[in-house]
Amino acid sequence: MRAMNTLEIACNALATIGRECHARGWVPATAGNFSARLDNARILMTRSGRHKGHLDSGDFMRLDSLGQPLDEGTPSAEAGLHLSLYRRWPEVGCVLHTHSPRATVLSRRRGKQIALAGYEVLKAFDGIQTHEAEVTLPVFDNDQDIPRLGARVNAWLDRHSMPPGYLIRGHGLYTWGRDIAAAERHLEALEFLFECELLANR
Amino acid sequence: MRAMNTLEIACNALATIGRECHARGWVPATAGNFSARLDNARILMTRSGRHKGHLDSGDFMRLDSLGQPLDEGTPSAEAGLHLSLYRRWPEVGCVLHTHSPRATVLSRRRGKQIALAGYEVLKAFDGIQTHEAEVTLPVFDNDQDIPRLGARVNAWLDRHSMPPGYLIRGHGLYTWGRDIAAAERHLEALEFLFECELLANR
Amino acid sequence: MRAMNTLEIACNALATIGRECHARGWVPATAGNFSARLDNARILMTRSGRHKGHLDSGDFMRLDSLGQPLDEGTPSAEAGLHLSLYRRWPEVGCVLHTHSPRATVLSRRRGKQIALAGYEVLKAFDGIQTHEAEVTLPVFDNDQDIPRLGARVNAWLDRHSMPPGYLIRGHGLYTWGRDIAAAERHLEALEFLFECELLANR
Amino acid sequence: MRAMNTLEIACNALATIGRECHARGWVPATAGNFSARLDNARILMTRSGRHKGHLDSGDFMRLDSLGQPLDEGTPSAEAGLHLSLYRRWPEVGCVLHTHSPRATVLSRRRGKQIALAGYEVLKAFDGIQTHEAEVTLPVFDNDQDIPRLGARVNAWLDRHSMPPGYLIRGHGLYTWGRDIAAAERHLEALEFLFECELLANR
């Protein structure tokens, strides 16, 4: 079932997530960007360069599903990565990109993926019923050419089942969900797992 | 003396604990579950899948002492572990299950118990009058079969005096107390001790 | 100059400090106790067993300078350590005892003192004008016999100039100041220094 | 373009930054000082010894560009370091000096500079368009003689292009920006980078 969000509810819910992320240090400077699907034809997206800890309705704009602006202004430079996820999976209703120190540090370690296994909290992800599971998060090298980066992400997603999110090296986390609450749940679960991995590897 | 909580007071007190736990990262995603004894026959329990950082009265329901719902809806999947503690100890008035990174990381290290010794804060636990004490927390392997997990917990508790709580591996902490304030005190003391143990073991 | 605090201002200021300390994890469970000098004859002291994150005026009581209660109820079990500091130094207007994980972990390492040198923030302590200073914090072994512990503290203080505070092993920090604001400044400076020492020693 | 701030807006914005910095532990005790350019002739500066977590308009005063007070009272002892930055770069509208444990610990390690490379968040700094960049932060030895310290800072800045900030050893961070929001963005980016560097170096 595709999630539908009214404009006002979506702005408020994403602004609340932004304040919580800011309090936890997950959206430093003006890093991160958030979006939600409003209906079949429209995506709500944070504007470029806004501080995610102090969002109000003026910090959002609407795009069509090809990324054409429906309001004046400039969307986040990474809007293409969001739109690509909405096009791929009709059931996705919200995409959150955050930029925590832990995600950044883990993503800069060598390797093309991070495996997370044996945690009860893996059950926060759809389709996982037991801690006796292993989830793999792909890590993509960073690229300022967003279409090229998006093509690499898409090539990976074409060959794998839906992961709970992906990391861009030195750049942070993308995660998503059926609706805003599900995306927030996935974000909290992944950041929890990153904290556990760093605490355990001391 | 058995603690009695009115419905409204219990909901408010558990919601406040939820907000504080969320701010500290102890209930990520929708992890954790809370309960309180309302009277001889009824337990208040968080419903399944609710975010513990944003609880209101609609996120709770009542069960009888055998776990039968007294309100419509689905209680937390781990309600059986709560009920088992209320049946064992009539003096227990509140059970808190949290899911912090520190509890998770400590519980994943090898071993069937965690010993905590020499800390002044051990006096937060009933019956301990001095820091020259050692408290042992059992660590049980995780299991998605809650009755089977509960049976293992019960077998251990049958052979030992009441611990201040127990850990489930990769899954978090169960603690309890005479009333909600006592359970919160035990939770804060145990999380403090986990933080000290991890800081000291760097 | 001896600091004088009116009852209401002192309760409010200490309750605010309690909330901030709780948010930072420095007063877990019901650990910690706070006091302020009201006038030549009376000390305001937190009652025994109250949670320092939720203090209101009912959580305080007055003692005379010998520790005799001027209100009904039971003061903190460690009131004697506070009173001893007020009697020793007439210029002290506030004493704060906190119980952070960092202070606890540092105090449990071997040694009878902690030396802090080369930090700009040392200038937060009276009489220190430069970072090119070294401050020594004594660490006393814990003891449930408060008069005996107090006698050991006093014997040390008799032979040394006023330190910015002292640690009790596995138990936490005592610090103080001319008034409540000065004691809070010393608390924040010492906790900052403990955090730096632990970060540097990884 | 030189940023102009009205007095009231600047006081409120700097007080908000102070509260956020305090919540994060970046301005312990009364450490740190903040300033903003009001117009060509006047700088708003925090007064000496005020707690940066509880600033109101009475905690600020105005100076002319040579540092002469335009209001009664004593400005921060480090006002000279702020003024020197405003005189050097007419485009600077705000200077923030903070004092976090991480900045302190990194600055106390050997070396005269800290290199930060490969992070997406480097794009928070003016003129940086890609993560494939390296930013160098100079680290100056601390000195209680502020004019002498300022002269060393100036000698370095004379020979280099504008860095995103500088560290004083054991003392903290100076950063700045076109306006208050830009300076806050630089502060958050640098503290994020310090956290990453310390997490990675465990």
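Order of writing sets the chain letters: A, B, C and D. Residues in each chain are counted from 1.
As a working rule, a residue touches a chain if its C-beta (ideal position, glycine included) is under 8 Å from a C-beta of that chain, and two chains touch if they have at least 3 such contacts.
The UniProt protein names, listed by chain, are A, B, C, D = Methylthioribulose-1-phosphate dehydratase.
Since we're looking at a predicted model, the values are computed, not measured.
**Student:** Show which chains lie in contact with subunit A and also with subunit B.
**Tutor:** Touching subunit A as well as subunit B, we find no chain at all.
**Student:** Just how far, in Å, is the C-alpha centre of subunit D from the one of subunit B?
**Tutor:** Those two chain centres are 45 Å apart.
**Student:** Need the CA-centroid distance for the pair subunit C / subunit D, whole Å please.
**Tutor:** 32
**Student:** So which bits of subunit B are touching at least two other chains?
**Tutor:** Within subunit B, residues 23, 202 contact more than one other chain.
**Student:** What is the shape of the graph in which nodes denote protein chains and edges denote touching chain pairs (line, ring, star, complete, other)?
**Tutor:** Contact map by chain: ring.
**Student:** Let me know each pair of chains that touch one another.
**Tutor:** Touching chain pairs, listed by label, come out as A-B, A-D, B-C, C-D.
**Student:** Report the residues of subunit B in contact with subunit C in the complex, numbered from low to high.
**Tutor:** 23-24, 118-121, 124, 129-132, 181, 185-186, 188-189, 191-192, 195-196, 199-200, 202
**Student:** Under the definition above, what is the set of subunit C residues touching subunit B in their complex?
**Tutor:** Per the touch definition, subunit C meets subunit B at residues 23, 25, 28-31, 51, 99, 101-102, 104-105, 108, 142, 144, 168, 170-172, 198, 201-202.
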